[in-house]
Structures are given as C-alpha cells and as structure tokens.
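When the chains are written out, they are named A, B, C and D in that same order, and each has its own residue count from 1.
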Amino acid sequence: MIEELIDVLLLVALLLVALQVIGSRGLLAAIMTFGAFSLVCAGLFITLDAVDVAFTEAAVGAGVATLLMLAALRRCGGEPEESPRVHWGGLVTVLVLGGLLVWGIRDLPPVGLADNPAHEHVAPRYLEQSGTEIGIPNVVTSVLASYRGFDTLGEVVVIFTAGLGVWLLLSGRRPEEEE
Amino acid sequence: MSSMDWLACLLWVPALGVLGIVAARRHANLRESVTLVTALALFLSVIQLAASGESPRWVLAEPLPGLELVLSPEPLGLMFGLIASGLWIVTSIYAFGYMRAKHESHQTRFYACFALSIGAAMGIAMSANLLTLFVFYEVLTLSTYPLVAHHGDDKARAGARTYLRILLGTSIGLLLPAIIWTYHLAAGGDFQPGGILAGRVDATTAGLLLALYVLGVGKAAVMPVHRWLPAAMVAPTPVSALLHAVAVVKAGVFVILKVVVYVFGMEFLAGVPFERALLWLAGFTVLAASLVALRQDNLKRLLAYSTIGQLSYVVMAALTLGATAGLAAALHIAAHAVAKITLFFTAGAIYVASGKTEVSQLDGIGRRMPVTMTAFAVAALSMVGLPPTVGFISKWMILQGALEADQLFVVTVLVISTGLNAAYFMPIVHRAFFREEQSVPKNHGEAPPPMVAALVVTALLTLLGALAADALIAMQSPVMLAGRVE
Amino acid sequence: MIDLGLYNYWIVIALMMSGLYALIARGNLIRKLIGLNIFQASVFLLYISVGFVRDGAAPILAPDVESYSNPLPHVLILTAIVVGVATTALGLALAVRIHGAYGSIDDDVLDRQRD
Amino acid sequence: MILSHAQVLVVALPLLAVPICALLPGRRLPGVFATLVAWAVLALALLLMQEVSAAGVLRYQLGGWAPPWGIEYRLDRLAALVQLLLALIAAVVLPYAARSLSDEVGERSGGAFAALLLLLTGLLGIVATGDAFNVFVFLEISSLASYTLIALGRRRRALVASFRYLILGTVGATFFLIGLGLLYALTGTLNMDDLAARMPPLAGSPAATTALFFIVVGLGLKAAMFPLHQWLPDAYAEAPPAVSAFMAATSTKVALYALARFLFGVFGLQQLTEVPMLQEGLQWLAVAGMLGGSILALRAADIGRILALSSVAQVGYILLGFALLSTAGVAAGLVHLFNHALMKGALFLALGAMIHRCGGGELARLEGVGHRMPWTMAAFMVGALSLIGVPLTAGFVGKWYLVSAVIDQSAWWLVAAILVSSILSVFYLWRIVEVAYRRPAVMPPRAEAPLILLLPTMLLALANLLVGLNSSPLVSWAEAASLSLLGTGS
C-alpha cells in the first residue's frame, strides 16, 4: 500500500519536474532541474526494485550528465534564448505518437503481475540458476557480466567511442580557425 | 572466314576503327584513311555475312541468369546493316570535304563518335532479342550526342540536350518498360518470325504494349515524340546525314518494323484494338509534318520535317499489316535512306559553297551548282514518289499494301501527302533553275570534289535503287510471309 | 490495495511526449539534448516497469525470498543509461565546437547562416 | 582454431585493432594499419561466405551460454551477403581513406581511423548478431563513430550536420528501443529466432503492431527512409569524402538489413499481412522516397547533396522490394541493396577525388572536370549509368528484378513510379555530366587524381560492370537468402 502510494507520488513528481525542466527559463535552471529529474528517476527505480539501475542513474544521469552539461554551458552560454513558441508540427507529431503508444500499451499486461510473459520465459533461469552457475548473489551483475557479457563489452566500446569522439572534436585543428 | 567471324567483325571493325582514329589523331590524312578503310571493311563484312546465308548466334554476355545479349543476323537486320555500312562510306567521303572546307574543330572526336555510332547501328541491326536491341539503341543515342553538340556553343548544346532528353526519356520511360513487360509476358524476348506474344496476352494489353513501343522508340519520330529531330539540326551536315539517313532514324523505324514482325507478329496484331489508333497517329504525323515542312524556309529544317513524314510512312506501312505492306515498309527504309542522304548532302554542299541556308536564298543557284541541284531534283522526285526513282516503287507498294488490306485511310493519306510533298519540294527545284539570282553574293561554283562525288553517288543510287528493288524484295519476302499459318 | 494497472505506462507515455516535444520545439542545442535525455529516461522507465514484479524483491539472491523482480530489463537499462550519457557527451562536445564556429548554439540562428 | 571462431573474429578483429590504431603516431601509419585490418576482415568474410553456402546457417554462442539466455551470433545467407558487402567496401575504401582522410585530419589521423574501424565494427556487429538488444548496442557504436567522423569535415557546416544527425539518430535508436521494450513485455525474450517463434499468437495485436511501428520508424530513420531522411544530405555532403563514400555504401544498407531482419525474421509475413495498411503504407513511403529524393536532387547545387538525395531515392527502391512482401520482392531489394552500395561507393569515391583536386564539390567549381580528370570522370560515369539502371551495369540487375516482382503483383502504379524516378535520375545526373564536360574559359591543365585515390574508385566502377555482365551468383544468393528469410518468418 505504502509502496504503491510512493510509486504514484514519485511518478507524478517526475512528470512535474520534467515539465519544469522543459518550461524553465534560463539554461542553468533547466540543467539543474534536469539533475533533480534524474534523482527522482533514481528514486523511482528503487521503488521498482531496480537498485543497480537507480545507483547508475543517480551517478551517471544526475551526476556525470549534469556536470557535462554545466561544463558545456560554461563554454557556450550567455546567449539569450528566444522565448518558446508553440511548435505545431512537433505538437502534432508528439500527439500522434502518444496516441499510438496509448493504443498499443493498453494491450500490455498490467504492471507488476508475477505471471506476465516477460517474467516467465528467460528471466526465471537467471533467478534460479545463476546462483550455482555464476555464484554471485546479485543476479543483475551475473547477467551483466556473464550471460550477456557481450552487451557489456559493447557498452564499454560505446564509452570508448564517445570518448574518442570528444577528444577528436575538442583537440587539434579547428576548421573555423581556418575560415 | 566463317559467317560467325564476319558477324564478329561487325562489332570489332568499328571498335578497332575508333581506336585507330584516336591513335591517328595527329595526322589528318592518316585518320581519314583509317575511317575510310574501316567503313569499307565493315561494308565488306556485312556483304559477306549476307552472302553466307547463315545466321550464327553470337552470345556477347549473360548479365542476368537466362538473359543474354545475343547477335544473330536475319534478313531485315542485314538490310539495315547494308544500308548503314554502305552509306557510311559515302558519308565519310563527304565528311572529309565538309569538315575540311568548314575548318571544323574536334575532327578526331567527330570521326571516332561516327564510327562508334555505326558500330551501335550494327548491334541494333543484328540483335537477336529485345534486351540486346535496347542496349545498342542506347549506345547509339549516347554516341551521337557529342556529334549533335559538335559546335559546343549554347545553341548546339541546347539542341543536343533536347535530342538527348527526348531520346533517353522515351527509351527509358516507355521502351524499357515495354521490353521488361514483354519479357515478363512472353517469358523471353527473342525475336521469332511470327512473333512471341501471340496467345500469351489479351488484346488490350497487346495494344497498350504496342503503343509503348511505337512512342518509346523515339528515333522513329512519330508525333508527339518528334521534336528532337528539328532540334538536332544544329549539328554539322554529315551528322544530319547520319541521323536522317544512315543510322539514327533508320534504327527507329527498323526497330518498329522488327517489333511488329518478330515480337507481335502481323497475324496477331490484326486483332489488337489500339493498333488502328496508332496507325492513325502515324497517318496524322505524315500529314502534319508535311504541312509544317511547307512553311519552313530553312532548308535543313524543311528536310527534317520531311524526314518525320517519311518515317511515319514506314510506321504506317508496318501497321497496315500484310506481306505487301511489310515489304513496302522495308523497301521504304532503303528508299528514304538514299534519297534523304542526297538531300542533306546537297544542303551541306550549298552551305559550304555559298553559305546559304534558307530556301528563299536559293534563286538561280542551279546555274552555279548544276550537278548538286540536279542531284537534289532526283532525290526530291524520290521523296515525292515519282518515277524513275526508288521512292516511286516503295510508295507504290505501300499503296498496294493499303489497298490489299482495305485501308482507305492509308490510301487517302498517301494521296494527300504526295501532293504536299510535291508542294514543298518542287518550288525549290523551280527556284534553283528557273529564277534569276537576286543579290550578287560571292562568286562560287560547286562544293569541294569529295562532297560532289558523294552526292552524285547517292543520287545515282536513288535512280539505280529502282533496279535493285527486286533483289531487296526477294530478300525480305521470307520475313513477311513467315508465321502466316493458314 | 490500490491496483495500479497500467498507471506506470501512462506516465511513461506523457514523459516521452514531453521529452520529444522539447527536442523538436526548442532551438537551443543544449535544450535539445536535455529533451533527448528526458525522452530516453522515459524509455528506461518503460523497461523497468516491464520488469517490475509486485511483492517481489530486488534481484539479489537471498535465502528466504520467493519472488524477485525481473533482472533482465535492469541489465539492459544499465547499458542504455551508459549509451545515453555517451551520446550526450558527444552532443555537448559538438555544441561547444558549434559555438566556437558560429558564435551561437541556437538551431534557428544556425539555419540562417547557410554557408 | 581461428576458423571455428571466424564468425566472432570478423567483428572482434577491427574492434581489437581500434586501440592500437588510436595510439599509432603520424599521419599515414594509422591508415595503412586500418587498411590491413580491413583486408583481414575481407578474408574472414569470404571464408564465412564459403561456410554459409555449405552449412546454411552458422551459429555461435558467445561466452558459451545457449540462447535465449546468452547472446548468439547467427550468420545466415542474408547476413553473410551484407557482411561481405561491408568487408568489400571497407577493403576498397580504406586504402583511399589512408590518403584522403589522413590529409584532411592531419595529426588526428590515429583517432580518425580508430573511429572508422569502430564504425566498421558497429556495422559488422549489427549484421552478425542474433540478439535484438545487441543490435541496439552495435547500432549506437556505429552511430557515435559516424557522428564523430562527419564532424571531421572541412567546413563548419559539418558540425551542424553531425549534431542534427546525432539528435535524429538517437531518436531513431530510442524508437527502436521502445519497440523492443514492447516486444520484450509481450514475449520475455530478446533472441531474434526465439522472438520469431513467439510472435505468431500475437499477430495483429495492438501492442505488437505498435512495436512494429516503432521499430520500422526507428530503423527507417537510420536508413534515411523518406521523409525521415533530413539528416542525410547534409551529413553526406559535409563529411570527409572517404567517410561519405564508406557511409553511403554501408550505413543505410545495414539499417535496411536490420529492417528486413525484423520485418521478416522476427515479425514474419503473417503478422505483416495482418496489420491493416502496412503494405500500402510502406509502398507509399517507398514511392515518396523514390520520387521525393529524385526531385530534391534535381535542384541541389552540390554533387555530394545530389548523390545523397539520390540515395534517399534508392533506399525507396530497396524498401519497395521489401514492401512487396514477396520472395521475389525481397530478393530484388537485396540485389539492389548490394548493387547500390557498389554504385554509390564508386560515385562518392570519384567525387572525393574531384574534391581533392578542385577543392570542393559544388557544381560551379567542377566545370570541365571531365577534361581535367578523364579517368576519375569515367569511373563516375560508370557509377552514374549504373545508378540510372542502364543494362550491363549492376544497377540494371536490381531494377530488372524489382520491376519483375512488381509486375508479378500487377501493381502498375509502382512500375510507373520506378520509371519516373529512373528518368528523373537521368536528369539530375545529366546536370553533373554536362558541367563536367563543359569547357571553362580558362582550362586548367590535366590533373588526374593520385593513383591511390584513382585505383579504389576504378575498382568499384569495375565491380559495377562485372556484376552487370554476370549477376548470376549474386542473384541466386539473394534469392536463396530471401527464401530462407521469408520461409522462417511464416
């Protein structure tokens, strides 16, 4: 009962914060509220039993991403923003996509039931056998490191790629200096 | 050498010719000798191939599984090959005179592209299926483009662009789909006496297909896809001869005749609904082109419109359906070739000698250039269809074919258009010989000897063609009678 | 007992819509990236909601727990979060460079400076 | 030992080479090293091709965990074909890049070639994997690498192009993720074969249809499916030429490959036919792309943009083949997919060589380039003819089968659309040819591209002719791939 209530409250809060981020005046405010958004997100992940995700979101979403944005803002801020106008094309796109999602998701089984198809096929093996097969109590870690270790390798490569990209972009020759 | 080797020569000789011409680019005389030798060798090859009486199959490539590029001679193709290669010799000689007299630039490119387009014409003539035909058809279009744009100025480029736009547009937009459709319907596109579509398609589809072919073969210049021909008049006169007599438009009507005979089959086509409409379209083109020609003052434009009309004679004859009309169509291709090349040669000769391009300037020119204008008169007679020229025989046969097929429409068109042809050709002859020269321009005589020689030869052919008509008819009869299962 | 039903999903959809709208409608490049992040976060929430089992525990094996939430979506989203922040970092680096080159990071301003 | 792991090695090899490449000093060395890697990948891809033709499907369990619990690599005829294509293009483009890209980026050469290898790794990974989420991971690797590479372009516009691609590309990937999430909620699995087995009972359900929509749009964004193509013209026109050539030949192709894999290998024909308007919708999109791309190309003033917009049109052809939902149609789409890579590769490489000599790709700048660089322009012409679909070139083969497949379904308006688009392609390419052979007032001396740029260009042009002269191996391979793809789906 309490859990559900927290869940509902957090979700509503999340939406409100998100709207605040989007509507906020000033980039600095937007970035800071975005950090708060990530924290609420992390809280929500905890209520949804995703502790590892929550930690990551708090560290990476609220921490690293916000810091990066602030750093970027320092280097290219100060520009006055045009006041937001209604973007009709965007609005229509978003409404159509939202409508489609509502239609499709109504077809999904309710959140949280133990006999949802997602819980019945692949996951049970992880929960039942990873203890003996891998020997680590945290199943998320087991899956991450072993069963789907290749995804994790890919994840590392993604970070490396982005790092390489940032380095290439922010170092060396700049085309604008030639023009 | 076997007939297979001679067939191979039809592509190899022009190809080697192109290389030789490019290699000899620094020595004008050598380059022109190479051209002439190539032309003679090619003509010899076609004659040898025709004389062998065999029809070997030469598979060039198999781009898609089961889809081959094949060359294989048959009577219609041999006739076209003979015309194109034979007239190439004369045109080359004429071109030597013309290009030198006008001090044209890029002569190497000119001769190389010329040889290339003749090679493409050989490919069209000998193609054994629709795909091969299409490939060489496009090669011909592309290899003639630099010739049309020869002068390189804005006007030439604009004309050449129209030329290319219409020919490529119609061939890719209409002819290619027709070909693919045919392959789909008939499970193949090989030319066969009696046609390959009979019994495989319903009449409406066949009619639609025929319309695609007739309009898709832009080189046949049936209205409304005729505009490229007047636009291409910007080219030097030897090129006009190539377009009008040697290769390009001849390829157009040849393709239509070939499609009618070998893809549809005359028997089958008789029951196709749109066939009549296309016949009317061709008839309309004949009359409309003649009326337009009547109003032209520029001699080359007048000749261009005359060509449009004459081509539609061939299309009309082919669509009249029947052995006689079919033979007439084949014969008229040859007849028009020799006569029209003579007319263009004379137009070029007049231009080179006097600088005149308009009909209204030609008063009394017959006295300065008697040989040229006599040749013009002979060719004009053939155009109108009067004896003793070859044009008379072919036209007479079209008339006969139309009567046999009870096509009163064709008969009417023939009669009216003959009158119109006379009405625009005869005044020119009259002007040249019987009017007084008005202004006194530069004093001139005949054009350079190679040009005069060439136009005399073709004028003689126009006369002698009447004698050779029997041989041609004998050669083509089996084609037109094939597939008639009584 | 409140039956939440598909409640989580409705919020997810609302979040997606607002994130995507911000991304489309706002001209400032950093704001676009923020919108993109909100859009992605809503997808993370979608996955985690799919994996949630009520009365289950976090998927850390313990002796007397019978029911766990589904660990697989957690794994996927851990990867996705990292991918998301990597993209953001690259996007921000680009924004910095664009600012250096154009003196502006407003999309409309950039559009007007065709070169 | 190596042979039994070749399936993984083909992806792992370029990946392992990345850090080495990034650390190599100097301008030239990284490019040479990356070239060697690409050739090794090509050797592996050829080897795998041979094995697939014998075995049909190759499977490899990463980490030894059986699917659907672990991630599986799965190489069937379709994947092997695209893999070979990737390896082939990489092997040809990298020596070219070793000269042209390293000249553009200077001292950052090591990083640039590392990014190029990462792009290759990502694309190869998408093709090799049999796991749906793994596709997302590799999609992002390839995307991040391409954003970086595009941003290396000469002009500052490249940065904007890269940023816009980053936004749209990430939206596309996230859409894909949404679709995947819905599929997971419905089935509980991520393995593609396992998904396919669990899809039939869900055919036509709203959730499955929504998942299908998001996956198609997500991958469609990556494949520059009209009207989701807006990122592409700028990206291709601004990226360094070698990168444009590589991306034009491979990136959209791999996205289309993934699309085919999901449409037919996961959802399956049954599901596709049950969604109302799906086939019509895809066909309309395809036609809109074929015509829209060509019409936009008619007005572009930069050869890179013209070629990029023509890619939008060509993606339409391939999509049209898929949208016919028939074996013949999919086979035609695959043949055209392969051939389009060959022609666009040749065209962009030729363009790169021209830019190398003339300093830019604007039409006005390239006046008379046909006289200056006759061989480069000859290669360009071959590519252009192939693009138009002239017989004896590769482009003809795909169009022939596409038209045949369309005629099979008596969809005449589609035949008309293909033809109109082909004619438009004649016109927009003609603009280039005409400018190239126009004589400028002052003719600069003949300056053919350096051999290292010319040779790869000629090689790809030659490939167009070779496939045009004998396409039987390609066609029969594509037909077998299409048969097995649609066979397992239904």
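The rule is simple: a residue touches a chain if its C-beta (ideal position, glycine included) is under 8 Å from a C-beta of that chain, and two chains touch if they have at least 3 such contacts.
In this text, all values refer to a predicted model and were calculated from it rather than measured experimentally.
Each chain gets a centre from the mean of its Cα atoms; the one farthest from the centre of subunit A is B. Here the CA centre of subunit A is 30 Å from the CA centre of subunit D.
Chain geometry summary: the mean Cα position of subunit B and that of subunit D are 45 Å apart. Centre-to-centre, using mean CA coordinates, subunit A is 4 Å away from subunit C. Within subunit D, contacts with two or more other chains are made by residues 133, 137, 140, 144, 147-148, 151, 155-156, 159, 178, 184-185, 190.
In subunit B, no residue reaches two or more other chains under the touch definition.
The set of subunit A residues touching two or more other chains comprises 101, 105-106, 108, 116, 118-119, 122-123, 126, 148, 151, 154-155, 158, 161-162, 165, 169, 175-176, 179.
Chain pairs that touch, as defined above: A-C, A-D, B-D, C-D. Residue ranges on subunit A touching subunit D, taken from their complex, read 100-101, 103-109, 116-123, 125-126, 146-151, 154-155, 157-158, 160-162, 164-165, 167-169, 171-173, 175-176, 179. On the subunit A side of its complex with subunit C, the touching residues are 1, 4-5, 7-8, 11-12, 14-15, 18-19, 21-22, 27, 30-31, 34, 37-38, 41, 44-45, 48-53, 56-57, 60-61, 64-65, 68-69, 71-73, 75-76, 79, 81-82, 84-87, 89-91, 93-95, 97-98, 101-102, 105-106, 108, 110-114, 116, 118-119, 122-123, 126-127, 130-131, 137-140, 143-144, 148, 151-152, 154-155, 158-159, 161-163, 165-166, 169-170, 174-176, 179. Against subunit D, the residues of subunit B that register as touching in their complex are 61-65, 67, 69, 131, 134-135, 138, 152, 157, 161, 164-165, 168-169, 172-173, 176-177, 180-181, 183-184.
Subunit C meets subunit D in the complex at residues 16, 20, 23, 29, 32-33, 36, 39-40, 43, 46-47, 50, 72-73, 76, 79-80, 83, 86-87, 90-91, 94-95, 97-98, 101-102, 110, 115. Per the touch definition, subunit D reaches subunit A in the complex via residues 15, 18-19, 22, 62-63, 65, 68-71, 105-108, 111-112, 114-115, 118, 121, 125, 133-134, 137-138, 140-141, 144-145, 147-148, 151-156, 158-159, 178, 182, 184-190, 198, 205-207, 209-211, 213.
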